[in-house]
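Below is one structure, written out as structure tokens; comments come after it.
Chain IDs A, B, C and D follow the sequence of writing; residue 1 opens each chain.
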Amino acid sequence: MAVTPFDSSLYRDLFHDAELGKLFTDSAEVRAMMIVEGALAKVQGKLGVTPEISGEAIHRASLELQIDPGGLTAETGVNAVPVPALVQAFRAAMQAPDHAQYLHWGATSQDIKDTALVLRLRQAAVLMDARLAALAGTLAALAETHRATPMAARTWGQAATPTSFGAVAAGWGWPLLDHRARLAELRPRLLRVSLSGAAGTGSALGPQATETAMALAEALGLAAPGHSWHATRDALAEFTGWLALVAGSLAKMGEDVHLMSQTGIAELGAGASDGGGSSTMPQKRNPVQPALLGALARHAATLQAAMTGALAHRQQRDGAAWMTEWLCLPQICMATGRALSIACEMAGSLVPEPRRMAANLAGDGLGLIHAEALSFALAGTMPRPEAQAAVKTLCAEAARTGTPLPELAATRWPEQDFSAVFDPAAQLGQAPAEADRFAAAVRAAP
Amino acid sequence: MAVTPFDSSLYRDLFHDAELGKLFTDSAEVRAMMIVEGALAKVQGKLGVTPEISGEAIHRASLELQIDPGGLTAETGVNAVPVPALVQAFRAAMQAPDHAQYLHWGATSQDIKDTALVLRLRQAAVLMDARLAALAGTLAALAETHRATPMAARTWGQAATPTSFGAVAAGWGWPLLDHRARLAELRPRLLRVSLSGAAGTGSALGPQATETAMALAEALGLAAPGHSWHATRDALAEFTGWLALVAGSLAKMGEDVHLMSQTGIAELGAGASDGGGSSTMPQKRNPVQPALLGALARHAATLQAAMTGALAHRQQRDGAAWMTEWLCLPQICMATGRALSIACEMAGSLVPEPRRMAANLAGDGLGLIHAEALSFALAGTMPRPEAQAAVKTLCAEAARTGTPLPELAATRWPEQDFSAVFDPAAQLGQAPAEADRFAAAVRAAP
Amino acid sequence: MAVTPFDSSLYRDLFHDAELGKLFTDSAEVRAMMIVEGALAKVQGKLGVTPEISGEAIHRASLELQIDPGGLTAETGVNAVPVPALVQAFRAAMQAPDHAQYLHWGATSQDIKDTALVLRLRQAAVLMDARLAALAGTLAALAETHRATPMAARTWGQAATPTSFGAVAAGWGWPLLDHRARLAELRPRLLRVSLSGAAGTGSALGPQATETAMALAEALGLAAPGHSWHATRDALAEFTGWLALVAGSLAKMGEDVHLMSQTGIAELGAGASDGGGSSTMPQKRNPVQPALLGALARHAATLQAAMTGALAHRQQRDGAAWMTEWLCLPQICMATGRALSIACEMAGSLVPEPRRMAANLAGDGLGLIHAEALSFALAGTMPRPEAQAAVKTLCAEAARTGTPLPELAATRWPEQDFSAVFDPAAQLGQAPAEADRFAAAVRAAP
Amino acid sequence: MAVTPFDSSLYRDLFHDAELGKLFTDSAEVRAMMIVEGALAKVQGKLGVTPEISGEAIHRASLELQIDPGGLTAETGVNAVPVPALVQAFRAAMQAPDHAQYLHWGATSQDIKDTALVLRLRQAAVLMDARLAALAGTLAALAETHRATPMAARTWGQAATPTSFGAVAAGWGWPLLDHRARLAELRPRLLRVSLSGAAGTGSALGPQATETAMALAEALGLAAPGHSWHATRDALAEFTGWLALVAGSLAKMGEDVHLMSQTGIAELGAGASDGGGSSTMPQKRNPVQPALLGALARHAATLQAAMTGALAHRQQRDGAAWMTEWLCLPQICMATGRALSIACEMAGSLVPEPRRMAANLAGDGLGLIHAEALSFALAGTMPRPEAQAAVKTLCAEAARTGTPLPELAATRWPEQDFSAVFDPAAQLGQAPAEADRFAAAVRAAP
């Protein structure tokens, strides 16, 4: 393991996400910072802040030059940010000092580093959204197929009433649609350029500071916030908070799959994916995906506490708060992104076992799961509290004597027909409709 | 101290928020649950699910009856939720069993407890929004008054470049406007009725389950989500996440005020509020408000980790996850609500000291804070990297010899006029404009 | 609910711990602070720092006077700490200004508040230790009784190999013994007097500052650390960290009990405690205790992050860091204390169901749980990797065809006797011995 | 940046710790697991569990073979743990199937992975302890040198009373000695072998399971716990909790250094290390080390919440809980280890500025910092409450009129000699003695 399994080669296939991983490498950061410097120089040249020809030259160089992150390490260790080293290396590599002097004109390190981060978060957000949509689609298919496949709903781990597997799958899916809506809402707050100079006033950007920021934003396809966000980091913490919510919703699905897959419950089979093997137990097929979902979600939720704490960003720049973001933000992105890709795989390979679901619903044959339905059926002929008390007594009798509840009920109230009461398929309530509604909502989503 | 200072009498004036506190009492919870039960009974009566006269009777009783929370303690201890005890006490108190039997018809405890929570969160959200607006207004006034009051911007704790106190106040305020926008966006996801019965399928609610939920929502002024959210808790975690963000933004203001108030910096006076006294040091006036803002924000951020973790809500109801919400959600509300009221008081009583700001900006008289401006001034006559290196050398010389930077610059480049460079008022950059823009944005806000 | 369920009347029987709760009330805090002030005055009188008669008078008054916390609220709200108000009220109540002037001589608020906290933590630690011992005893009895009761060990939720319920109970218990050892180790670091005056130098305590601290420590039965700990809070964070560890170990037991109690697994019955009832489902007996253990442990673990964060205590006193302790420490104590009392109740009322354990171990009759044992049995006659591969193939065949593994093995290797391999009682390995060792260790513990 | 700055090349000199980093690489993990497998095979051979010659062969191979972690990636991705892949690769590489079959005999993946972790944590603990000792030594030297260098103690950011810089340095150091004591106490609980087979019963280890574990422990220089700790992870969480405490103590030092280094306070100079430069401000020398200490401590404290949460480890192995450790434990080690090396560098390069300390102590010349001393001086001639009130009035007058407190006191009580009261050197209280005691304690430490 490297210091984290995200960056480990050994654990790569468990924790690493190839698509997202590309965004969080030294090279990707350096490349993104060069793009920002190049775009800045170009718009400053166009606006006449600096010579247009120099702006063009820097912009071209930003696309063509290769700067090795390894060469920036030592100076980054001194300055705490890689930008001074990058600017120096960039200038040297241009071999055109007359133009190169206009590189990084009026900007501060944080402008460059933050904007470069936002550029990569934009790609991350696109990936996340696509995965949410794909996962919702997979769950919609499950919801439809199993809209009326009866299984035992469980509360506090105990059989409660019948539900359908389709409704359960829809339950996993509903939050994903809301997460997509949340992302759409926060996106304009997140995807903003940072350009406010040394200490937030843009004084070295000259009188055209505002115009420059707007032009830079346009060039990069971002928004211009109209004020400095060097020290007000709520948009970043909002985004990571959203990521933690997403991971949490996936962990719920993971927990349910884990529990449904337990030996002795077995409502979900291991599916196409073979499950994890043991080094010593030949029979084992461990549900690895749900475990990963659980671990990744806890990780995101935990780190988000530090991200939110880093909002207490002191004065005009706070090294400790800023570095806290470096430690947390990419990990949260990776944790949630990887959780999404795992959830997509997992959802796509689930093998529901309707027979096991039915068997578990029938339980030990006592039919106690139908107690609520029985109490409501009886409430037509006696007051509900009385009905409930009578059924409670019967449940205890069933448990004590082993006589099934349907039998006890038939004996006690021979005149009533309880066939629908004890038929799971007739007791699904809104479950099939919720499954349908979810599938329809997915289809209607953008 | 009680177990928390929120519920302590001794620490009440520090941690307790009278308005919010009213929402998080046993009585308020019982009252809200009765309102939900009453409204449910009424709409069920109207829809013909239950006798209309019974619905009316229950509804009336829900408004008139007083049920003492203390009487529900013992049974709540057994059932883990207070609803069974409440239903029983409610029925008994009605003294009309024919009607009372229709109380809580088809609902489950979680429906009632969750909807009752949402009703109170609606009030909390209104309070929070009003305080955010008030605080933004106070900061807007500060921003305008001090739009061009120069002070030293600080990065990494070190003097960086000049800024204005108005820009600093605006910096505290911008996130508040975004927080208001976020609240408006999440509100429809939060303010939803829960009505999906024993295990999320609403089976005992009968064929009119959906209609009933919609009617209940209308009666309570909430939305009907169209699906169960017993086990998908993202809307609650989203709201507490928002609260944690708000508290974080206030902590930033608290940190800045703390640092500006330090002995030896003294850019902010203690103001109307006298500050906290010491039991032994007669001269002390401790800045209590910033400390509270810091502590409350950390608390909210920390507890939010548990709220997010509780999204891994198992199956159709998960006692441990649900109870985690009980432990965290009200505290986060209280922490942020109290932080808002403290921030309002604090912002309203700040006494900026422009003379101290100017003195600190001037520093030890070396003028090093103007180094960036000098380097840009020189960049007109020499390449910028050269200018920057030259100024760096001069800064070191100033520090070593005690000769001020302006003097050194005048000696070295006698032909140049640096008067604007070393005039803080001329070096504010966008600071006054940002202060103005913030004030305008506050005025334009709803 | 009050702001937390710890302080709620409605949720009292779930979350409140009567014994511990007594330590965390306003009255208990005021009372403890008075004891500290009384003891300090007495030892200062004895040492001649102040008139002996005054010291005696204050000491007597500290035991006799009743000071209402409610009367200190307003001034506490101003000063952030209750000590100035308490000193003033104490002096007034003594009605002997000549003596009363020597109250709080040379001390600072933090000395009094911290020492008063330590006095109460001493009681909390005694309670915790006693509960740990009691719980270990209960588990030792379970371990002995069920030392050889076979059940399926589960890894990743899947049946792994046989174990015994006694070994499982011992597994819950081992950490408790280590927790007791840890407590004994940290106790001397925690149970220390704080007396270092206004800013840690004890300057107003006079030349006898060190002697005074030692005498005060002796009077209160605490240690004297020999230095100020106003701003170095590691002993408090160590203690709450220990509490969080304890709660975590109890949550593991809770999780296991929850999983063993699931409908369809049912290896543990609801026992003497009836379980929580539902407001609508007559058959439900919800496992409330495991859920509480889960929620309380998460709460303690989460809050501990803030306690540890508060070690970054600035300068000689940091209001924000200190207040963070007020928000977290009592809650962590209460969470763990309550978890311990719940765990004691739960462990004492567990009803193991050996028949269900045996049935689950037998599983669907395929005997896959014995695969590892089979592979080792075969390793006597063929290389182990070959044996393992052969068994893996057989397991797959069993799953596909429904033919039990013992049958397949007998067919394939008719010459071998596998009777011990497929006998759970013969496959318990070290489980009974571990159960015995645990019981012996508990008996040997102090 | 890689996903974390710990694993980044670009940020290596800021976040990476070369010595510790070596312990947390894929290669180091594979190497350590091979050592465990080799030692296990050897002791099993010696005990006659397996052929002695095979044990020897495996042991030799474990020292000689090189297994590339990259070759294990794919299968690790399937099994979630690298051990099955490693065992297979190891066997293949031995090219001696007769011996190789006895590799990993009776063990499970977790035995190997956990014991391999413990081996590396042993090295980490040695490093940490040495750094703690070194840092304590550096602080002891500072404490001695500056035992009586007066500076202003600050509470709530405000000048409180005089202290000495030596006492402040001692304050940073005291917790380090306690941390060393804590480490010595927890070490035997942490440094234990894990060997309990597939599901904690060691059934495949045969009748000599206990003997084997003891022999393995001896071979590796670890303890044998006498029971399985597959699912009871308190020793790991205790260790990371200790790491978080250590990091917290270092963050306190970092905060103080940051605050003492602020422009306008300047009680600590930048020292040998030049401080971080800015990309645009030529004069900047940013205090990078304190910022890193703050960020790393927050990170450790935050991740510890997840480690503690992972104590709720389900059944006999819980994938999600275990993977949480993988995500957190190495990062916490790295964060604290790096914080220690930074703190050592920082402490060794601090440049105290006694003149600035004296100037800040003198403040604006009003002498308010001596108010407590004045009140105690007066308490000889009037009741203390009266003295305190009188001084409070005088402080207010001083602040209002600008007349220094000494002057006001001399006018008001012309008969008293206040020369010692207003002499910082005479008002240091126990500060020099605490500095001396700390230096002595460091010298006395092992």
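Brief remarks on what is shown
Methods note: a contact is a pair of C-beta atoms (placed from the backbone, for glycine too) under 8 Å apart; a residue touches a chain by one contact, two chains touch by 3 or more.
All figures in this text were calculated on a predicted structure; none of them were measured in a lab.
Any chain that touches subunit A and also touches subunit B is listed here: C, D. Interface comparison, B-D versus B-C: the pair with the greater number of contacting C-beta pairs is B-C. Here the CA centre of subunit B is 32 Å from the CA centre of subunit C.
Within subunit B, the positions touching two or more other chains are listed as 106, 154-157, 160-161, 197-198, 204, 254, 258-259, 276, 278, 280-281, 286-288, 291, 294, 298, 302, 305, 309-310, 318-319, 372.
Note for the complex: subunit A touches subunit D at residues 1-15, 21, 24-26, 29-30, 69-70, 72-74, 76-84, 87, 104, 106-109, 112, 197-198, 204, 254, 258, 274, 276-281, 286-288, 290-296, 298-299, 302-303, 305-306, 309-310, 318-324, 326-328, 330-331, 334. Looking at the complex, you find that subunit A touches subunit B at residues 91, 97-98, 100-102, 105-106, 153-157, 160-164, 167, 170-171, 174-175, 178-179, 181-182, 185-186, 189, 196-205, 209-210, 226-229, 231-232, 234-235, 237-238, 241, 244-245, 248-249, 251-252, 254-256, 259, 294, 297-298, 300-302, 304-305, 308-319, 372-373, 376, 379, 383-386, 427-431, 433-434, 437-438. Residues of subunit D touching subunit B in their complex: 152, 154-161, 258-259, 261-265, 276, 278, 280-288, 291, 302, 305, 309, 360, 363, 368-369, 371-372, 374-375, 388-389, 391-392, 395.
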